[in-house]
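Below: the structure, in structure tokens.
Order as written gives the chain letters A, B, C and D; numbering starts at 1 within each chain.
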Amino acid sequence: MIGETQHYQVRIFYEDTDHSGVVYHANYLKYFERAREDYLGYQQLIDLGKEGIGFAVYKAELSYNEGAVFGDVLQIRSTAQFDGDYRMIFHHEAWREDSNKAAVIADIQLVCLNRTKKLLKISDLDIFK
Amino acid sequence: MIGETQHYQVRIFYEDTDHSGVVYHANYLKYFERAREDYLGYQQLIDLGKEGIGFAVYKAELSYNEGAVFGDVLQIRSTAQFDGDYRMIFHHEAWREDSNKAAVIADIQLVCLNRTKKLLKISDLDIFK
Amino acid sequence: MIGETQHYQVRIFYEDTDHSGVVYHANYLKYFERAREDYLGYQQLIDLGKEGIGFAVYKAELSYNEGAVFGDVLQIRSTAQFDGDYRMIFHHEAWREDSNKAAVIADIQLVCLNRTKKLLKISDLDIFK
Amino acid sequence: MIGETQHYQVRIFYEDTDHSGVVYHANYLKYFERAREDYLGYQQLIDLGKEGIGFAVYKAELSYNEGAVFGDVLQIRSTAQFDGDYRMIFHHEAWREDSNKAAVIADIQLVCLNRTKKLLKISDLDIFK
């Protein structure tokens, strides 16, 4: 999983756009998280949640090149890597069809917290074994 | 509180609109809930939450007459009444400025649930005493 | 199309839930609209939009029976019918897996407006021919 | 206006949280945009919109230190500066009450586009004169 590129599709609905006609900028953070949840596994995240363990976004950097519009099917391309024992970095790109440049690019740093909000060693989690 | 009309204001931002140019229809349910949370009291809801008690929407009926746009300040007018011991009905209206008719009207039925999802007598709650 | 039941799937992500642990009530209006957009056709809605024609929600009635949670795949079952020449009613049900009752049920009335917000005869639209 | 710190308040409602119990990370981009819209002026943005002129987020960098919860009143502190003729940078901080560190910090770069998506000189806009 780590090192491979995941492909995940997001359809753009009315709810995603704003009155400027394109997708509201904050929504890309949602699309990238959908891709990460799919990448990490829904059942795995549910199981971790039962133990009080969850991922939290620590830093996010986004670059916007082009606006997506209603009806688009964005392809989200994601790769992940560990950054030390306690951090994980996802690189995400949102591609519109027939485009030769990503519409939006992001680097998202995650940490993993237990029930008492203490940092956990991400690389020790079962889901990466 | 019960029987009186509460007035609550909601500013319309970019995030609230969709590419048709007006407020996305689902968002009015958010505005009405903001008004209810303000009506019931934030601290009161936090305190109930600590005991595992929360309100849940059981039925919602909305009528849309006019679309609000970016920059509008909607006035939300809300009244509440008990409907038996276990239900509460909020009537909400969203008014645009200088309008002679409510833009959106809603009746929202709430129930109150404890930690085990059992119905509680709403009229017995301390916040209504 | 009219009269048939459409099946549409919605995955529940972190973004869909609130701190009570279940899906935020307003989001079902989004899921039902996603299903309607899929039902009516994205390209058809884009083409109508270019002519300044769009659908607008006129009335919405929702009944909530059960809360969906993170990781759920809701099956949205939708049927549509005309109600006179100017209105269309969608009946939507959101089903959780392995459930014997719909989690949320809704009736959504739509009208169709042109660029000057005048009502159009829905049954005359090309997409229904 | 440029150089001064704007103070803007955001109340945290149920809609803002997710099932982890704290505010969903993407929502801070909304709060910061609300502050920017308030800063730039709603009527000014409406007037620019009528000429087909609008601001677009070009880059966003966010650091998350602490999660806000239901009932919080976040104080958003914003400052703006020009970065050359075509870019504007907003620095935003979201502060929880009684905290000695900002919960979330962001730098947001904006460009200004006309109807044909051509870059405009931001510093030439009437709203900055």
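Just so it is clear, a contact is a pair of C-beta atoms (placed from the backbone, for glycine too) under 8 Å apart; a residue touches a chain by one contact, two chains touch by 3 or more.
The structure presented is a predicted model; accordingly, all values stated were derived computationally and were not measured.
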Seminar exercise, completed: Check: interface with higher C-beta contact count, B-C vs A-B, is B-C
Exercise. Which one of the chains is farthest from chain C, going by Cα centres?
Worked result: D
Seminar exercise, completed: Separation of the C-alpha centres, chain B versus chain D, in whole Å, is 27
Exercise. When the C-alpha atoms of chain B and chain C are each averaged to a single point, how far apart are the two points in Å?
Worked result: 22
For this session: Could you grab the centroid distance between chain A and chain B? Build each centroid from C-alpha atoms only and quote it in angstrom.
Result: 32
Exercise. Out of chain C, which residues touch more than one other chain, so two or more?
Worked result: 14-15, 20, 26, 30, 33, 70
Problem set entry | Complex interface listing, chain C residues touching chain D | 14-15, 17-22, 24, 26, 69-70
Exercise. For the complex, which residues does chain B have touching chain D?
Worked result: 11, 13-15, 30, 33-34, 37, 42-43, 45-46, 49, 70-71
Exercise. Tell me, which parts of chain A touch chain D in their complex?
Worked result: 20, 25-27, 29-30, 33, 54, 56-64, 67
